[in-house]
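Naming follows writing order (A, B and C), and every chain is counted from residue 1.
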């Protein structure tokens, strides 16, 4: 896939795709979207780089170790958010009762642990998609 | 010959499933049994419980957050399965083919 | 007339069933393993369509609350939330089968099921 048009368009369009993915993740609780869809968009941008610019370039942006670390770290972050509920004397993954900042309806920073969990799921899905694709495409 | 047999069997299956679909409650009706007390609770109380306008997000991240943790585990296990097939961890590939 | 009425009302379900049968046909008739995986994906998509169609409500809005309005009617948000699990499982199954197909190609040099069966028969004979 060594085509000038494909390479140039990829270089131009990837930042916009990533900004759109981050927008979907951060606005997951007030507009359509959420962690899964935004993470899929973010992962697809890296897959686009791998397909058009080559595996070396993509692993320079996010290496195998980094994506594995992000992938394990986000699930630990998820469990830690759940344990906050236990520490404050409620059930696992309690939202309102365990003292998260609830804010106003419609704000980006509001509704307690939902944005935190959405960010964790977004990172998790993005790094999972990248890791799976690189594992399959890798030639060893 | 084999293909015609497959097509006939699948058309039969399709007819069977359509015959049972016709008996289902009408799609898009508010009296459906799927639009039950759980759905009414989620729609009426999600702002009070979570302050999130997106009800689907409130369900998957608050009411059923433990389910989402399971989904994250499924993703984790899929990575483990894919790596265990794709990567040679024990010895060389040539030695494997001799066995 | 009654049956026609039922078909027109439940056209979403019938579309999902048609997709399911198309996927099953693809899985049954093609010997290429990649096409079998594509057929399995079509079947999964039909199940998602069926499940989401259960939550559909005529002339209702998507389930995002506008606090300034009180007369909103929403579609059922529960099937949409539950089907995310199905999508994740579909992704995992696809990845696992694709990696197995890559290993099969490295071992046999082909992904056609008939040729693989012939090779295995020759191996067991000699």
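Just so we're on the same page, contacts are C-beta pairs under 8 Å (C-beta built on N, C-alpha and C of every residue); 3 or more make two chains touch, one makes a residue touch a chain.
Here the structure is a predicted model, which is why all the values come from computation and not from measurement.
Of all chains displayed, B has the C-alpha centre closest to the centre of the whole protein C-alpha set. Looking at which of B-C and A-B shares more C-beta pairs in contact, the answer is the pair B-C.
Centroids built from CA atoms put chain C at 25 Å from chain A. Centroids built from CA atoms put chain C at 9 Å from chain B.
Per-chain Cα centroids separate chain A from chain B by 21 Å.
With touch defined as above, residues shared between interfaces to two or more other chains in chain C number as follows: 64, 67, 84, 88, 95, 99, 102.
Along chain B, residues 47, 53-54, 56, 60, 68, 75, 78, 82, 86 each make contact with two or more other chains. Annotation for chain A: residues touching 2 or more other chains are 30-32, 105-106, 132, 135-136. Of all residues in chain C, only 62, 64, 67, 84, 87-88, 95, 98-99, 102 touch chain A in the complex they form.
By the touch criterion stated above, chain A contacts chain C in their complex at residues 30-32, 36, 105-106, 132, 135-136.
Against chain B, in their complex, chain A makes its touches with residues 28-32, 34-35, 71-72, 74-75, 78-79, 82, 92-93, 95-96, 102-106, 110-114, 117-118, 121, 124-125, 128, 131-132, 135-136, 138, 140.
Residue ranges of chain B in contact with chain C, taken from their complex: 3, 6-7, 10-11, 13-14, 17-18, 21-24, 26-30, 32, 34-35, 38-39, 42-43, 46-47, 53-56, 59-60, 64, 67-68, 70-71, 74-75, 77-78, 81-82, 85-86.
Contact residues on chain C toward chain B in their complex (touch as defined above): 3, 6-7, 9-14, 17-18, 20-21, 24-25, 28-29, 53-58, 63-67, 73-74, 76-81, 84-85, 88-89, 91-92, 95-96, 99-100, 102-103.
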